[in-house]
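Across the two complexes that follow, chain A remains constant while its partner is chain B and subsequently chain C.
Coming up: the complex of A and B.
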């Protein structure tokens, strides 16, 4: 109970610091939401009208006062309304998040479908042609920008073969090209990671011991080598999931598959401070949750950690 | 047995006939079309949406519309009048129905306008309404001050009329247009279907999809693959390929936007009209059109397209290095060691530009090269937020900028915002007594002819004094497949899916 309370306090402190730092950075970036809201590029407004709206939104108050207003609302579970759509920030984020999550999960699936077989084959047949292919794939995959890969996939599968649609969402077909674009780019890193983890695993003393005891190679591979290779992979996975959710914007724009990444980029362009602030907090919360889940998964995957915990008790 | 076979055969024949008729029913294809636009919408609330999707998709309508002739035309308002430019009587068209079947009257329009004002500060600033009163099909509006351009502000898409009593206006606005909303997926697409009780005759299409994609290459691919029938702004480099494709038509019309050079009157050199004229003479507009915008622009003569009735016939300007030199000599500048000086001080200018419109930094580079040839050192500074920089600093001399000058047809928006002392776009700190007087007069003049004459006078001053240097009117480029019929590229870009739009 004491430990839960301590963790909760840590998170609260982390949130407070993060919210203040992000608030500060957002406010210090150039741009004026009031001019955007009044659409000075289309409507004849005077400086007086600009100042009046700035005053109404309390944007002319000192930064710490503005932060205090925001914090008060935050503790009342209110992240404010978007300047541009006038809809609650929470609603905006929750509407877009499922799309990004869907895209992130299917991209991860594509990544796993490519990187596990290719990385495993490259480790098992080290120095053979399949290993060279995997190296080439990793090199090309990590060098190709995703927007270009997306265009190439559209050109092949939509324009020429006419199998998948280029825009929109709704059916599984709409998910294929965006997921492939993101999944291929991600798998380039994972293929090499899986290969090196497996090779390291093959050299472990307990693997050699298992072999000497005559245990079948497939059993050694799946129950000992592959399992231990999953630990660094899961660490990388945890680190990349946050950036994947936040960084899908290029693919979202290209395939008209808009999620949370596109939402925040638009908000930055239009200086929609409540959305940006809400996004920062939402993503940080997500990253914290993911990291806790990953910490917990280590207990299952690595008996060493489990045993050490048991010893401490 | 034979009887049984006969019955079976009869059943088979009936089944075949039924299948045929069923198939006929199915093959009677609906007339559908997909338009792919380059800005995405997160909401289709007509009062809030910055991309004006619901008016573009034919879901909602405003009281007044701007025609292809760039003049105001009645729409939901049958007519309007005002004797003093402050008290307006608007007669709402009769027998117009919302998509839910309710009739549109003065009260409904008033409630809709009130919601737009309450929700959107930009509409509040644009309309300047003090009081509204509805009586049957008549709406009486009093503006805060004399406001002769009020009817043109009613063209603003954010003033569109919706039934405010309906819920989820941001997802399914109930308007009066030829199409009603089926489904809206934020930032993906808006699907609409024909509204059979439309007041101006039924639409030719059964359904339409107004989709969004901000990537020019993706839009091009969507057109090529057949996912889209009409696309806005294909990539410039794809134009040749599109023009060669016999199944695709391309169209380009000058927009209501102008790329211009803004001069800072507080800078030590740009306050001098001779220097402004010299800079203006340096800009080779044809080079900008051909080499920077690949022919997708027209040379600008002033802030507004020449087809507006209030644009004067400008005298032909002499351009080039020699002309620029002459202006500098007339202004008392001296050429020493290939550099221009005045009062012993070398002329060095700072030009601001920004990347949001990629052609603007290139225009700045062309100008920099020409200025160097002339003997003026020009440094380019690219800023992230041009409005912020121009508004808050004075350490610049000139800036590349882009303005929508007459989005609703009237000239007063641009003139007030750009040349009046407290105008939100008067970044050059222009304070010209005579020009201010004329704009004041425009703001108070109700007679259209008189307003046009006054505007001509104002534009002549702007031209003679080179308060801005106008470079090009970029084109709106659209590509569509050959089965699309009656598609008109409106210069305002407010009306896209119309009742007349059709497919073969």
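Coming up: the complex of A and C.
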């Protein structure tokens, strides 16, 4: 608990610094935000309009005062409005996030469905053909650009076979190709990791002991090897977070899937800074929360850590 | 140097030499092409493979082979430059940070920690987002996103090495700090870092292509593999060759650098054991 509290404090401090940096970035970016905002409507802008908006945004105040206002609004969950749609940034992010989450979860599912069986088979039949196939899969999978894999899948399943739609969201069918793309791209790394983690498990003394006691292989596998391999799997999940968040951006753009990744890329193209800023803060919050959750799950899963805690009491 | 040692060194480094050769070939290949990768010829748009256009032409009638070769120059060239700059930045900072410690070390490590808390692809996306879409900004963003882990690796190598006896010996025998860094630390760091960087080269190429694909990197008409795939997105149906070849080009290059990286890593971990 102590450790988690400490990490939480660290992250809070980090978040504060980050908020300042991201605030500063927007101040320093070229171009006048007021003009940016008014430009979106594509109508002639009067000097008067510029002045009034400038006043409204407190852009005439010194930087630290601006930051203070910004921070105050930030804690009231007000990150300003998008230049593009004029809707609040927080609202935009929150309405788009479940869509991305849906994609991320189904991709994770695909990843696990590929990498756990393949990794397990490769470990159990080490050196056999299935092991070689898994190695080949990992090698090619980590060399294929995920967007290209997506295009190939589109070509096969949408253009030729015409089974799945290629853009947008709605039915479950819309999710199939995006999550396959991301899932396959991610599983390449994990197949090898699961394999080596299981192989390590097979070498453990207690596995040998269990074997010498005559316990059935399948029982040993599920109760001893697989369970201890779960801990690295959780680390893996933490590590996959990066490729997952990054991957959703690419896949969402590729399939025109309306999640936060697509939102931020569109925002970048149109220089919609409030959205970009909101995205940065949102993602960092997400990363922080998930890291803390992973830490907590270690405590729960790893008997060594759990027992040590008991000793201290 | 004995001949067995020579053979061993050859075994270890020859694939890296091949990789470098491959990169050099990619960098000079476009100069050998007669076709101009930027020349638009609307009479020949979406032409299939033929004698004149070996891989066919794209939606503006530009020769695909010329564009792929020129695109390699851009994609691989930028990645390679990024790698060199990453090394040029992170090795000195890492050595300083590990060797001298103190406030500089703490400052570096805090910065690196916060940087590494984020997925590097997201760091790159956001930085290009703030700087504005362009290939140069993508390179800059990748350098910033990747430097952190290298600084940390270099620092940790130095931390281990500087406690060793031979450094103490070097000190007592009167070697100056700069000389120690040059003679002892640098050679130690460079081998490890080259292995890492070869493993990373593929990822960097993928990152540049991906960022260009989503429209943040190279802007048309610059031939860049990711950007080319983005441009031909609407022609998947009518001209599949437009999407097949740039993809294969990316995949082969990444595959080669991954293979070489794996080979080097295997050798080095064996050596360390």
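By definition in this document, the second predicted complex is superposed on the first by the 256 of 313 C-alpha atoms of A that agree within 3 Å, B and C clash if a C-alpha of one lies under 4 Å from a C-alpha of the other, contacts with A are read in each partner's own complex, and residues count from 1 in each chain.
Going forward, a contact is a pair of C-beta atoms (placed from the backbone, for glycine too) under 8 Å apart; a residue touches a chain by one contact, two chains touch by 3 or more.
Model, not experiment: these values are computed from the prediction.
Applying the stated contact rule after C-alpha superposition, one finds that A:159 touches each of chain B and chain C.
By the document's definition of touching, of the two partners only chain C reaches A:249; chain B does not.
Of the two partner chains placed around the shared chain by superposition, chain C is the only one that A:279 touches, whereas chain B remains out of contact. Judged by the touch definition given at the top, the superposed model places A:241 against chain C, while chain B stays out of reach. In the superposition on chain A, A:55 makes contact with neither chain B nor chain C.
Once chain A of one complex is fitted onto chain A of the other, the partner contacts of A:147 extend to both chain B and chain C. In the superposition on chain A, A:258 makes contact with chain B only, while chain C stays out of contact range. Once the two complexes are laid over each other on the shared chain, residue contacts for A:139 go to chain C alone; chain B is not touched. Of the two partner chains placed around the shared chain by superposition, chain B is the only one that A:167 touches, whereas chain C remains out of contact. In the superposition on chain A, the residues of chain A contacted by chain B and by chain C overlap at 30, 147, 151, 154-155, 159, 253-254. Chain C contributes residues 114, 117-122, 125-126, 128-133, 202, 206, 209-210, 213-216, 226, 229, 233, 236-237, 240, 243, 246-247, 250-251, 254-255, 258-259 to its touches with chain A in the complex. Across the complex, chain C is touched by residues 14, 17-18, 25-26, 29-30, 139-140, 142-148, 151-152, 154-155, 159, 241-243, 245-247, 249-250, 253-254, 264-265, 267-269, 271, 273, 276, 279-280, 283-284, 287-288, 291 of chain A. Contacts from chain A toward chain B in the complex involve residues 30-32, 35, 37-50, 53, 84-87, 92, 95-96, 147, 150-151, 154-155, 158-159, 162, 165-170, 253-258, 262-263, 266, 270. The residues of chain B lying in touch with chain A in their complex are 36, 40, 42-43, 45, 48, 50, 119, 121-122, 125-126, 156, 170, 185-189, 211-215, 217-218, 221-222, 224-228, 383-385, 387-389, 391, 403-404, 407, 412-414, 416-417, 420, 422-425.
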